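I have a structure here, written as structure tokens, and I will follow up with some questions on it.
Each chain carries a letter (A, B, C, D, E and F) given by its place in the written order, and its residues are counted from 1.
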Amino acid sequence: MARIARQDDGENEEGNFSGTLPARNSMGALMDPERRIVETLSSVATATVTTILLKKGLRNVWMRGTRPLRTGQQRRVGRAFTLRFVPAREDLATPESWSSPRSTRAAIESMPEGCIAVVDAMGVADAGIFGDILCARMKQRGAAVLVTDGLLRDVAGVLGTDLPVWCSGVAAPPSVAGLTFVGWQEPIGCGGVAVFPDDIVVADDDGAVVIPAKLVEEVVATAPDQERMEAWIMEEVDKGVPLPGLYPMNAETKARYEAARKKG
Amino acid sequence: MARIARQDDGENEEGNFSGTLPARNSMGALMDPERRIVETLSSVATATVTTILLKKGLRNVWMRGTRPLRTGQQRRVGRAFTLRFVPAREDLATPESWSSPRSTRAAIESMPEGCIAVVDAMGVADAGIFGDILCARMKQRGAAVLVTDGLLRDVAGVLGTDLPVWCSGVAAPPSVAGLTFVGWQEPIGCGGVAVFPDDIVVADDDGAVVIPAKLVEEVVATAPDQERMEAWIMEEVDKGVPLPGLYPMNAETKARYEAARKKG
Amino acid sequence: MARIARQDDGENEEGNFSGTLPARNSMGALMDPERRIVETLSSVATATVTTILLKKGLRNVWMRGTRPLRTGQQRRVGRAFTLRFVPAREDLATPESWSSPRSTRAAIESMPEGCIAVVDAMGVADAGIFGDILCARMKQRGAAVLVTDGLLRDVAGVLGTDLPVWCSGVAAPPSVAGLTFVGWQEPIGCGGVAVFPDDIVVADDDGAVVIPAKLVEEVVATAPDQERMEAWIMEEVDKGVPLPGLYPMNAETKARYEAARKKG
Amino acid sequence: MARIARQDDGENEEGNFSGTLPARNSMGALMDPERRIVETLSSVATATVTTILLKKGLRNVWMRGTRPLRTGQQRRVGRAFTLRFVPAREDLATPESWSSPRSTRAAIESMPEGCIAVVDAMGVADAGIFGDILCARMKQRGAAVLVTDGLLRDVAGVLGTDLPVWCSGVAAPPSVAGLTFVGWQEPIGCGGVAVFPDDIVVADDDGAVVIPAKLVEEVVATAPDQERMEAWIMEEVDKGVPLPGLYPMNAETKARYEAARKKG
Amino acid sequence: MARIARQDDGENEEGNFSGTLPARNSMGALMDPERRIVETLSSVATATVTTILLKKGLRNVWMRGTRPLRTGQQRRVGRAFTLRFVPAREDLATPESWSSPRSTRAAIESMPEGCIAVVDAMGVADAGIFGDILCARMKQRGAAVLVTDGLLRDVAGVLGTDLPVWCSGVAAPPSVAGLTFVGWQEPIGCGGVAVFPDDIVVADDDGAVVIPAKLVEEVVATAPDQERMEAWIMEEVDKGVPLPGLYPMNAETKARYEAARKKG
Amino acid sequence: MARIARQDDGENEEGNFSGTLPARNSMGALMDPERRIVETLSSVATATVTTILLKKGLRNVWMRGTRPLRTGQQRRVGRAFTLRFVPAREDLATPESWSSPRSTRAAIESMPEGCIAVVDAMGVADAGIFGDILCARMKQRGAAVLVTDGLLRDVAGVLGTDLPVWCSGVAAPPSVAGLTFVGWQEPIGCGGVAVFPDDIVVADDDGAVVIPAKLVEEVVATAPDQERMEAWIMEEVDKGVPLPGLYPMNAETKARYEAARKKG
């Protein structure tokens, strides 16, 4: 079972960053709320998520440059675990820095099971943030996914680890050729989108989107209906029904849909 | 049989946009001229088309960012049916706007069979212009192809419709997250190239190119010879003939080629 | 056997461009030094090469925009044979220029067996530098690989020649639509990296990197150890060892590694 | 007196583009509503306009790349008269095209007094859209201002005409080197912003912003209060009052402000 | 007297960010070391600083896009006080957020006298980070300078405050149109350069550069000599001495310079 | 008197680069042809030059990013003396390289009086190609102008040398932070334009343009008439004549212009 951990560290307490989530772990007859979120959203396309969020006024939730590394990766859902880089400075961005207590290595060791690591590489396009060894360790610790607006390196090795990755390409140079790592579980920008620890990330063929923690319940409540409705519209298109009045539905079409839905 | 409709609306009459084409529909013993254009150009590479147009002084006919969505899509030819977006403004670019009489839906219902829809998305890289439902309807109406300098969304669904698409990538957000639709069958820019209604579009592995309506006959007359000649040159290269004098041909090579051509 | 030729033309003599290399062609009981370079580096990832060069202070050796044209191309190693374009000027960049003595055709006829042609296309993104005919001739002359920060054209034909290509995409227009060819075996920039004739190029799934001629011996001496060490670290990760102290290794891990290496 | 004409051509009737405006020309004891709009907004900074529109949900109204050509140009207000270019195609974008009935010349002769010409140059950065002769004619016809995301040419001459210009720079080449003119009074994109005929444009040191026609009255009603309030806050800052609680105002500060306003 | 405060908050303690500086405040016969740093570097061009740092291996210390807002601003030196934005999310980046305890307002109230505020706006080019009111307050609190890779708004008002600003331009929209403020005195990227709290910033006509805290003493020790030497070289050029051997100096020129320096 | 030297080195002989120019130095009763070129073109705007060249099929002659460093610099004309950089490689791009025989210093010592140095900096935007010392030496050697698509450094000092400069901005870091110098008097790209030694460069408020050496005579023969005609059109505009039929001229206007010209 995929478990999605929640970050409760100090950073979330002192600001307005962290969402309030319904109680969890009520394991018994009821389903764990986290599990319900993950299971429900696993059948909702990122395209549908963005339409729902746009109706709530959020137009900027899709992380530019987050493409599946391997074609046909299945949809993934999880809580964001954020990592942050700043540009490289030659005295700091060195192979030696990899041993620092504030290194990418330490960040990986802090990742909870089931999380989606979201890495702010500032879109730097000439250094790979992680290679095969770091991805292998993430996989072993149970991190669900790696999402970044940057690049991976040693791509053959990374593919070998079976960690699902969404990124904007590959490059041979190590991260320190272009980036200095500065910390984790802070607010970040990734692909032009603000991401906070505990936000929900959904990633599929269309890329990765963020659902702000506070809005997750609403999206979970709305999304399956939306998917069902679009499936019905698709059937109508297949029957040759023209688009105006069908998509979006006018009153008459809505009535037809409701009738069809009741019939089942 | 693929039929290519011609646009005769008012916009083409009042300006200098529309090309003059030889009479059509002379169905009988003779082949339909439109059909001849499509059939002839279907065996001409876009690379060859651009070389022929460059010799006539046209260097800028390849639409940047138009890549086949699916690898191995076969070459397609058709008349351009243009659609135009401007940037999103939050009061106009809304899900409600999808019901407007000037919507993408209405444009699709106006597409003639066999046309190539060319969509000016101003290269906007963070919203998908169309998803699976719109592509399914285009396919059903007989539109041959979708070409855009923008992105598609709901890519898994789009691939399922079997509509051939040339675009610059995929994104989850709906068009209204970044774009406002304003009309169809107007002159547009697509991938840095001017496209007018009635221009011929050819799309293959190298992307999509425009042949101005006025120049179509000339290209159709020249292209097959060019293809034949390049095939012969390739054979010579395979025999080990060096490039200087062979490609481009000097007088002696030309003579050899003519002789070979006569032989058959 | 792949032979890597060395450029000894005048351009390298009059400046500080050319590296000094150990004697070659000592064919006998000993292995040819060029052959040893190629064979050794053929089993070293470009990611590893960049890490080794970064430790020597070189952060900028990976050519941006050099992606394998065909997925799964095996790693290639060779000496750089450089070609240089400047922007197109309509009076010079014409199909007629292809017959000039300073043409791409003449450059190809000068390529030594086993070389890697590195083409400075200034990242121009709307013209293909070479098509199928030129690639076929390169293949026949024994050029090992084509690397460019530009685009190829006639991609179906190019794939048919089996010449391995690293480039940043494809476009239909001929080179003269955007570029003027000016010469070969000069220092160039390719993907933001300085490349000099005689530098060693390594290309794999992560793109293409340059090893300055003067540093080749050092890299060849260091790289296999680095690869071996990383393979051992990967095994440790698979056993569940956490990253801090393992990668990079602290003193204790180093001792363990040395012990393991001695055992075998 | 600056008169602002309203466009009532067919394009505005057949879609949802045109705003509805209160009756005009009630010349008598009352002030002309158009004149009131222009006079009121002439004392409102574009920065203030964008804040007011953002509170109504419009984040994207500032045209990127619209900088005053001459430092210290005073603020200007007027109705948008739009012009549209697409990319250059060598057979259309010629000096001969300047005589076409669909030329920039014809567009200029259609400009009403007091309008602000807003030109969509698609941000093309290597051709000047207008030179001194066209600007001189615009000035003579009473056009108030020229705004574009493109460049001007013959900048010394343009400065000599005294037409106020907001643009993104200067270039020597004529428009046809990079652009094909296609029409006027259509919806356009300018600097990444949708602009429709009849929208109000305000331009000052911070660049040019669009107020959608439908929202003009609301902005006119709100803006002077906002300016007054910010002036009072500035006075408070000058007295040494810290920002929290002052800007934005908390309840106590609001009371102080209301008291001051009544007094004074 | 300009005093440069040092940040001693928790963030600097727990990582490797903070430089170690010589004891300060030894007010008496001796000059305050901070004051010495500021006074010495105030006569050293940023061009000279970058040359000195490059000799120590640091090539990336100049913040791209940091141009003086007013021509002729004199050189400024101070300790960096960092602010950080991430991209706008519509639910967070609102005018209401300006009252949050984690707002730009709170950051300004924490700025020590003499500091240089360095703002990471991720190069966002369509929103102004600060307007006249915030700049006025900074000026009053004694902040020396504002440096950002972003834009200012309300530029006429900002110029009126006399706060020296280095930025990449101006825009009308408020920060919340494109940015979400997340904190201060963290490591940031500004114009592609890593900046840490306590680093020294020098800004002049060529833009703003960072001197890592740990290297300040070395730069202060070296820079005046470098400036003196370059002034002497300039005198030699004025006398007509050719560059080779003069700049950089060969042994003979060095001897001449030493002789001149002793005399002079 | 400004003398414009011609480059007769080997590079021009072996290819198709060099233009053929009429005999020069016929000092006596006749005016030196070079002097006539410079004097004639000194009164022709770059905007006019680009229009004339476009009529000959050359659309791409304006060097992007070449802006006057000082406002109000007068127009300059001269033969191109080219310099070429490739990207920086840390082992080559060092302060030590400044002493190499293939350094920028040596290039400057080769510059003929009256030339226009055109520097290909590949548009690199984070290093200044030259500072005050190099500009001072160029000035002293009689170089007329410096044109580059890159940046200058030490801008206060450069302005002090009075060397007229066209560039795309300023930066503090030295050239070696981003660039490796490789040679002079080779074909180059500058601002997206091909420039060959011996081409004529004209620079004014609109930037710098290249006239290919072979076309200089034609431009010199045509340009003054074009300027005269445009001046007459401007007078007509000032009289209130509408643009259609005036600019470009129709037959009637041409007759009026001819009559006016004869009158004088």
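Just so it is clear, contacts are C-beta pairs under 8 Å (C-beta built on N, C-alpha and C of every residue); 3 or more make two chains touch, one makes a residue touch a chain.
Keep in mind it's a predicted model, so treat the numbers as computed, not measured.
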Chain labels contacting chain A and also chain B: C
Per the C-alpha means, the centres of chain A and chain C lie apart by a whole-Å value of 36
For chain A versus chain F, what separation do you get between their C-alpha means, in angstrom? 52
Centroid from C-alpha atoms only, then distance chain C to chain E, rounded to Å. What do you get? 40
Indicate the residues of chain C shared as contacts by at least two other chains. 57, 59-61, 88, 90, 192
Arrangement of touching chains [line / ring / star / complete / other]: other
Pairs of chains in contact (touch as defined earlier), listed by label: A-B, A-C, A-E, B-C, B-D, C-F, D-E, D-F, E-F
Chain D-touching residues of chain E, taken from the complex the two chains share: 88, 90, 95-96, 98-99, 103, 105-106, 108-109, 125-126, 128, 131-134, 136-137, 140, 153-157, 169-174, 176-178
Chain B - residues contacting chain D, complex: 14-17, 56-61, 86-93, 100-102, 122, 180, 182-183, 186-189, 192-195, 212, 214-215
In the complex with chain E, residue positions of chain D that touch it: 45-47, 49-51, 54-55, 59-62, 64, 67, 192, 204-207, 209, 230, 233-234, 237-238, 240, 242-244, 247-248, 250
